[in-house]
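Both of the next two complexes hold chain A, though its partner changes from chain B to chain C.
Up next, the complex of A and B:
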């Protein structure tokens, strides 16, 4: 299964490197949303709760774009049928798609987070960096697991573009709560980590539940 | 097939709900701080508990569907979610009325239970567009079941997350220590809860019977058309 998953992941990363479709679009989208927030809130710099809220809402909205494109290649060219014919575990497809989404989100954040500190964040990010990395990693894991599941559900519906955001965003509310609350003290003027263990614990619980659940139900989405 | 016992169940529901209303207005004492308005509690809270129970039941039926491949379980799951959504509208409206009367605002964000309920309600509303945008009936049943299971697991997680995030203001009705309700209010509440649960089961069976009958009618019409 690991071998098959790695092969699918390599294919997805290669497609992304050649077509440059999802990651640049998601990154550009985050920058646009920062500009929207700047004018919408009429603020030059943000700190604390407002900053962490803007950062996380932007990242979740960018994730929606990635999720709606996740099965585009398979859908347009019948890749799923090929996979079903091959003697590999179907969970491999889920693992590969979630891993691809995880890598895409990391790539987006590589630009989006520095851009955020540059454009909107008032206090510097220096000391809080390792904590923020942990929050981002756990957040990405949860988004990747749920995103791959939602993308697979939405891929077979007529109203695909509608279903992805409507389904994904409410499911991500607990993740948003945990990430935003954990990030908030890091972005304050004289900030440092606060209650970090509680929110990282909640994030871990969320990730474990949805990774296991997605692996358990994913098979039924491909049964044909 | 689904209509078995529907009539006695309907009567039991009517009797229990009438008894609950009688208890609410003639037996339960007036609340010391909130007065008469507090009586909406006997509608709001049982409705919320039954709606959440219905969402969870939808998830359990969906698991049975995916395990057995029997589509009648998907129908049970669908109808359970459908009835819960209808009750959910009632929960949000009565919650808003209660919030207005006791805190002065129609909506209070620092009340974790109401906010969690809204998030769950918004998620389950997506069940309809998802279900009806898949044409193939077999696939429709499977995808709906996957949704019902995912959302069912989401319900408790969401409550934990929102409760951690918000200030703790909601009165807890049933807790390990026996809650904060005096005896006569507790009895009234439990009868109202039983009535609401019976109402849920009655509506669920009624809707299943109606759906089953209309599907059979369609099948017979098709057969008649083929024969003609």
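Up next, the complex of A and C:
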């Protein structure tokens, strides 16, 4: 299973590096939204809950773009048939797609977080950076697990562009709450980790639930 | 009356045994394809006369040549057949009983079936795509599926590949009862359909390498298949830059990469020039010795390739012939 998942992931990364469809679009969207907030809120700097909310809502909306494109090559070029004809555990497809989305989100955040800091953030991250990295990693994992599941559901429907945001965003609400609440103290002037362990625990629980749920149902999603 | 002859032959992986071995060897070999004289299985063989033709009669237990160092030996007692089989014994599947090739398919009657469909049904919502499909395809035989557009040919191939669930009747493919045992099929079927199942942004070599990893096939096999379809010189070009014929050759290489015993071919010569079609012949043609299900609108070619035929009209069986297209 691991070998097959690695092969699928490698193929997805190769295709993304050549087409440059998902990551550049997600990054550009994120930067545009931060610029819009910069001018729309008419404030030079943000801090605390507002900053945390802007950071995470923007990242989640950018994730919708990535999730919508996650099965594009499979859908348009018969990749799912190729996988079903191979002696491969279907869970490998879920693992590979979730891993690809996780990597894409990390790549977007490499640009988006510094841009957010420059354009909107007042206090600067400073010593809170390691904690933010942990929150981003757990947040990305949850988005990736749920995103791969929703992408597989949407891939078989006609109105997939509608299905992805309609399914994904409501299910991401608990993750948004946990990520925003965990990040909020880090973005305050007097910032420091506050209840961080509790929110990280909730994020971990969310990730575990959606990884297990996705593994359990993914097989059935690929049935005709 | 059959005079059974037997031969004992050792076969290395992938080796074919010529029918000529029968003359020298004292034990048993089964000849699956009379015309190509290719042996791929274990069984009893005898010679009998059918009109002017000498017929090889086989009783076969499947033993695919892919098995490493397969030992072909006598596992069944010689079969005694009383007199020649009548063409009518072969039900309605014989394409043209007057052609010697199709008379040779009489030998398949005693063989282990690769595909057994009985009253197969498949629907898309309320629309019936296939109904009442019953056919038995012996191992090593070729079934031509004929019919006009929308007759259900591609649906049938996808059901046989395990990509679509049958909704009624029974379907058994390579010993796997569908859909219950669908998990047994992956890796045993070579599917060459309308879509090449290749990623446009990747090169031919990358595409085959990807499928080789999925199938657990040695990487050297990729180069072998690229050479076999004469795509080794363009192997590193992205698929999107290749012509339709080149993509079809790569798709054939992809379908054969894992050396499947069953080939499902949907218009396999689409986009191929005569030279390329000839080049693919040993791989996907009768010479390959594989069980094949062949869909083509080229009626004459399909029938010349087939041992059995199945006509479809609106998803239901119909006499195979030109009237299917009227």
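Here is the rule we use: the second predicted complex is superposed on the first by the 223 of 224 C-alpha atoms of A that agree within 3 Å, B and C clash if a C-alpha of one lies under 4 Å from a C-alpha of the other, contacts with A are read in each partner's own complex, and residues count from 1 in each chain.
Here is the rule we go by: a contact is a pair of C-beta atoms (placed from the backbone, for glycine too) under 8 Å apart; a residue touches a chain by one contact, two chains touch by 3 or more.
Note that this is a predicted model, so its numbers are computed, not measured.
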Chain B and chain C placed together on chain A: clash or fit? fit
In the superposed arrangement the C-alpha centres of chain B and chain C open, at the centre of chain A, an angle in degrees to the nearest 10 of 90
I'd like to know which partner A:81 touches here: chain B for first, chain C for second, both or neither.
second
**Prompt:** Which of the two partners, first being chain B and second being chain C, lies in contact with A:42: first, second, both, or neither?
**Reply:** neither
Q. So, A:223: does it touch chain B (first), chain C (second), both, or neither?
A. both
Identify the partner contact of A:15: answer first if only chain B is touched, second if only chain C is, both if each is, neither if none is. second
After the superposition on A, what does A:198 contact: first (chain B), second (chain C), both or neither? first
With chain A overlaid, the minimum CA to CA distance between chain B and chain C in angstrom is 5
Chain A positions within both the chain B interface and the chain C interface are 223-224
Chain B partner, complex, touching residues on chain A are 149, 153-154, 156-159, 162-163, 166-167, 170-171, 173-174, 177-178, 181, 198, 202, 205-206, 209-210, 213-214, 217, 220-221, 223-224
Given the complex, residues on chain C that touch chain A span 161-165, 186-187, 189, 191, 193, 195-202, 206, 210-211, 213-216, 238, 254, 258
The chain B residues in contact with chain A across the complex are 66, 119-120, 122-123, 126, 129-130, 133-135, 139, 142-143, 145-147, 149-151, 153-154, 157-158, 160-162, 164-165
Counting only contacts in the complex, chain A reaches chain C at residues 3-4, 6-8, 10-11, 14-15, 18-19, 73, 77-79, 81-88, 223-224
